[in-house]
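Down below are the structures I want you to see.
Paired with subunit B in one complex and with subunit C in the other, subunit A is shared by the two complexes that follow.
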Partner chain A sequence: MFEYAPAPESRDVVDIQPSYGLFVNGEWVDSLGGERHKTINPASEEVLAEFSYAVEADVDRAVTAARKAYDSVWSRLPGRERAKYLFRIARIIQERARELAVLESLDNGKPIRESRDVDLPLVAAHFFYYAGWADKLRYAGFGRGDGLGAEPRPLGVAAQIIPWNFPLLMLAWKIAPALACGNTVVLKPAETTPLTALAFAEICRQADLPPGVVNIVTGAGETGRALVEHPDVNKVAFTGSTEVGRMIARTVAGTRKKVTLELGGKAANIVFDDAALDQAVEGIVNGIFFNQGHVCCAGSRLLVQESVETELLDALKRRLSTLRLGDPLDKNTDIGAINSAAQLDKIRSLSDAGEQEGAERWSAPCPIPDKGFWFPPTLFTGVAQSHRIAREEIFGPVLSVLTFRTPAEAVEKANNSPYGLSAGVWTEKGSRILWMADKLRAGVVWANTFNRFDPTSPFGGYKESGYGREGGRHGLEAYLDV
Partner chain B sequence: MSTLTTPLAEAASSNAALRALLHGLPGVDRVGADQRAAMLGTRSIKTTAKARAIDLAISMVDLTTLEGADTRGKVRAMCAKAVRPDPGDPSVPKVAAVCVYPDLVEQAVQALGRSGVRVASVATAFPSGRSSLGVKVEDTAFAVAAGAHEIDMVIDRGAFLSGDYRKVYEEIAAVKAACARDGEGEDAHLKVILETGELATYDNVRRASWLAMLAGADFIKTSTGKVSPAATLPVTLVMLEAVRDFRAGTGRMVGVKPAGGIRTTKDAIKYLVLVNETAGPDWLDPAWFRLGASSLVNDLLMQRQKMATGRYAGPDYFTLD
Partner chain C sequence: MTEPGRLAVRKTYKLYIGGAFPRSESGRSYAVTSSKGDFLANAARASRKDARDAVSAARKAFPGWSGATAYNRGQILYRIAEMLEGRRAQFAAEVADADGVSARKAGELVDAAVDRLVWYAGWSDKIGVLRGSANPVAGPYFNLSSAEPTGVVAVVAPPMGPLLGLVSVIAPVIVTGNTCVVVASERAPLPAITLAEVLATSDLPGGVVNLLTGRAAELAPWLSAHMDVNAVDLTGCPDELAVACEKDAAENLKRVLRPAGKVDWLAEPGIERMTAFLETKTVWHPIGV
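Now for the complex of A and B:
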């Protein structure tokens, strides 16, 4: 009766070059021999642009440029001057927000509603927030131990490697604090989503950022390895899989490089029987189906108290049936495309494993487009702690439902994971929230909400979810010599 | 909902029983409800969907005048508009109902004749509801006798806020009884105005919704329009969840009417999206969802004409009544 007509956001606002080089020392340069690869729109498999997989020599050139910029310009600038650049970048991002949101949705497959209403506002907010810190670092509590508030020193050249799930937002999380503290950076975006990082390079030029302060080298694992292994890098910051994180930790062990890792997760979203159920349903949806579940802190394990299990699952299935999957650029789309064929394979194989191990699969009855990579919002019931879908990170729109009887059992099950990035607690009882937050081994515990981010709030994991914190005052520590 | 297994009559047998039921309903988290309503407000309804939504919204309007200065002439004029909102375009649907004070019901019934537009009357010492039960019942009976098809009553907010749920329940039940038309014709439908602007919390909105439905409301309505805030999206969201859950638990379907403060086509469409994605498409029908408004109709007409012609006509081309 009330079908929403297509309401696509216009693509005209973006200007994608057919081919991109590397951004080194403020200039676009060709790779010194790297292969050319294509980045595609995962919703249509249409080729968007070509770019290079940077080789060791490219990385070396970028690190050299960053070192030079660090020594000659950036580390010598007073904080208030660095702040001006960051404020300028933040404002340009706001001015170009629509363009960047469309570009992000094209390259990543996420719905424009999310890139427009979540990613881009947070990207700008991050730059604004750390711009504010640049001239106040001596008051951040990370002085050189003399207690007199001496200006803490930056580290030098930061090698930063970011994932494909929030390309521009992860760039902001990395670059904003690094620059605010006085470091220069070489950043490698993921090989499936290089376009917004390349657009950010243009923004650096538009902001007249001194050459070499930000360098962008595109590529895949080999480029990342060359960057991490480069001897003149002082700091490695990585967001991605636990597997790659381990390799990085091994590589930098025994060197003077500082490292922060933000890795995988298998968060428990815990719903008690006294929760505000309609809002809990929204929180579960937002926890695991936001960004197609491509979220390291996704609430991929639903722990529901047995006394409300049926009621909650009925409500959840009813709600999932209203989710609108399709064209990421349609303003009414809730669920976009899976970022790559490889990721889709991984989601499929883990889901199949769930069925084989005896869990019951239910998928929202939404039509799936013919082209592109898609996976319907799916939940598994009858999941046991020992099932792979309860232990391994799926990184897709797949929810594993488990039950519990008592708060202690909820805590035990939630913590029974090698990961410890985030958790959610849904109850109307304030004292229980505090008790749970105290017991849960997770870097972030959300109460009666999920997947809420703010630049003022530190983010990071326990256990195999990584170490170091990003965001807030705590996020400065990773980029200061303390 | 687990609470629904209790037989309804037993649930209303005492204030304690009512209290147990209403306070046993799941809470409403304000932040989450506001967020959900705001998210649904970002839906983009364009082209053919917009055209259909505009016509649907027009057909759901309760065209309202509730002023001390209302006259028979004013009501006559409004009734003409209700039947034919745009004199130049017969394809515009008629509105659902007109809504007037009890003493003007007879006038409205006369003016509307067999047009199919229903007559709603506020009653029960509207808008404050501060009078005796006898007066409220009498007020209702007077409007019903004059031919009102629908009665918009107000609840006793004082009693509700002080926890006297049984009193609120009994008043609604008594007014419902007064809506009966002995012998000929269908009973008047009862819309129960919760005056959510005075209930302060969404938990109260959910409880008042259930209380009204248990007591026999055919519709639950947000506001009198005399208290600010009147209808809001999150309050309507909570009420739509209530009618959805009530039907799931009892099998009985109850309508929803946000009223007051809905002035633009954009607002109206947001409400339709809310209905569509909360209670579901069954409620997208003038029999189950109404918009209490007056100036809204002209904006809907203006947008409708813009969609047909590509141009906005000036406000002088739309009738003021």
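Now for the complex of A and C:
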């Protein structure tokens, strides 16, 4: 392995306030509750800033602002004007991309290489993409009743709750289509990663977005609950755990609120014996170790055809031994920090369960920094379908390896999960790719690639991975009255 | 002396599960009366076990039906329309009894049900075009989104419109490749069982449509809570029952079609009943030499 000198990205492009309020009606306001929490850098445990846990009254204020902005401004604005605001936002994100990438890596722990090369370009692209839809909705094929070409109507106020794994990217997935369709939003970022959403509030101000169109309320589960339950909310969009998704689905029962849920996954990444193994190894690594495995569509179950198991695992372990774990701001870093102590506990306890249930654990021999939350790239062999590590979402850099003999067995095992978000297939045989893609019950199938995302490409799950799609023309449906 | 009149041979109305016509395993039945209150027949009162058997049958039928070509599914829906047309008089009589409408009106409702099936038959190989897309991603990748059926759908049929309403909720679910368990109108279940006889003779594989008669308030919660059901259409549920069912459905994140108030079953339905039970699958592949 080559030795690399440290190559840290500079922090001085980022200006973090010591303390943040809530962003309501275009202004920074103090929470009416007063409960303050700290957000830390998970790579160093250093405190980055203080922020509020919004209470019900704060949420009510934000929803009221969003309703007023919807009624008086945003729903009346011609689509072409909404489009220009979104283009403006996309441009400001591009202008401030470096700053936002560093801020994301600081608050989340992900390597700067990923926040700079994946998250931020996709954030800007998402706003750019949906900006273009804002004045073309009548061509999207969702016109209702009045025949072709009717202008579809927005829903109203959207309550949006996003996770900590791709904080700004998930914000973009939520806010861009909502605004393009003419809705106003109240968005709650995750309690461990509020900073880029708060920076986005400033971007809205720079873009002169009318007050109340975007409102950001920070907080944890209780804030989210107040937002989902608010009677004047017309739409709930949530990305996060299946457990919380269930709660939301129950909460909205009996209301007219429209819901989209993007929940957990336990994706199978299936490697056939004729696959280009070196490429497959890269795909497996990208599938489960990208973003420390904090990815709902991560390829967390490797299904390898028995005849190439040894060869593939040897190559995989060799590759994992070259991954560099450490300072997220170092441009050479492959594996950053686990986002929080709580998440690290969860990864540890599920990994321990893997060993207790009889699977064999192997971890890459990498040094672990003294401070912060870290978990080395790990794989388990000898995993049975009944093991917890084969069934439950670990949401960490942990790969469970299972084997199969026939394509039918691979499909059977891949689909043997309550989840159905994504799947991967590695083979050189075209007809087999299409056959597998057809049989796999998952919303995204990556063939000879993995973890690719694009604003034009619909994303979302089958079964308990949720419902609704984000991205592409399909993503508009979630924010239109259709 | 008058010649004694011929005594009619009555039909026993049973359930329709997996292509067979069993009685309820519970042995229960309930009396069905006409709109005037006259006794018509004893219909089976399906139990939880019947509902579970029906879900098993629907699950078993799903791979074959969802894997059939769209052309084939379209032809089978058209075949159902043909069989229904052939029994027009029988359905008209049952609808007239159930709804207390004139013979002429009842005939029109049967005609509308036939036409509805023909309308949906034509959608089988077209809805995918509306719902699919080739996506221009920013990179060297083939990227295609296509529609796929959600799976097993539990349907609570509307109490009114015992034939037209029923056909209007079944056809959109199955034309796209889903299989279903349907709770027929509790008030007027007889046309549903006669429809099952039509389905059974239309080349529709057994288990694609399973029909239960009985109490919606008893059956709908079991189906909504069943972990092997992927979606529920609560069209026929009164408000309170619909809320309870939607809550139960959250347990495994079923797709839920909420009741939409009063529906005009004679109006052109739109595509929403089909799209409610379609998933979108997106496939990526690199482009290279």
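As a working rule, the second predicted complex is superposed on the first by the 477 of 482 C-alpha atoms of A that agree within 3 Å, B and C clash if a C-alpha of one lies under 4 Å from a C-alpha of the other, contacts with A are read in each partner's own complex, and residues count from 1 in each chain.
By our rule, a contact is a pair of C-beta atoms (placed from the backbone, for glycine too) under 8 Å apart; a residue touches a chain by one contact, two chains touch by 3 or more.
Quick caveat: nothing in here was measured; it's all calculated off a predicted structure.
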Next item on the list: Look at A:Asn448 in the shared chain and tell me whether it touches subunit B only, subunit C only, both, or neither; answer first, second, both or neither.
Entry: both
Item checked: subunit A residues touched - subunit C or subunit B, whichever exceeds -> C
Margin query: Once chain A of both complexes is superposed, is A:Leu261 in touch with subunit B (first), subunit C (second), both, or neither?
Written below: second
Note to self: Looking at A:Arg246, would you say it contacts subunit B, subunit C, both, or neither? Reply first, second, both or neither.
What the structure shows: second
Notebook entry, point to check: So, A:Arg469: does it touch subunit B (first), subunit C (second), both, or neither?
Noted result: second
Notebook entry, point to check: First (subunit B), second (subunit C), both or neither: which does A:Phe2 touch?
Noted result: first
Notebook entry, point to check: Is A:Ala275 touching the first partner subunit B, the second partner subunit C, both, or neither of them?
Noted result: first
Next item on the list: Across the two complexes, find the residues of subunit A that touch subunit B and also touch subunit C.
Entry: 448-449
Next item on the list: Provide the residue numbers of subunit C that touch subunit A in the complex, in ascending order.
Entry: 130, 133, 135-139, 141, 143, 145, 150, 230, 239, 242-244, 246-247, 249-253, 255-256, 270, 272, 279-286
Notebook entry, point to check: In the complex of these two chains, what residues of subunit B are touching subunit A?
Noted result: 1-2, 26-29, 31-33, 35-36, 42-50, 52-53, 56, 241, 272-273, 276-277, 281, 284
Next item on the list: Name, in rising order, each residue of subunit A that touches subunit C in their complex.
Entry: 125, 141, 144-145, 242, 245-247, 249-250, 253-254, 261, 263, 418, 433, 437, 442-449, 452, 454, 456-460, 462-467, 469, 472-474, 482
Checklist line | Residues of subunit A that touch subunit B when the two form their complex | finding: 1-7, 113, 117, 274-279, 282-283, 311, 322, 331-332, 428, 448-449
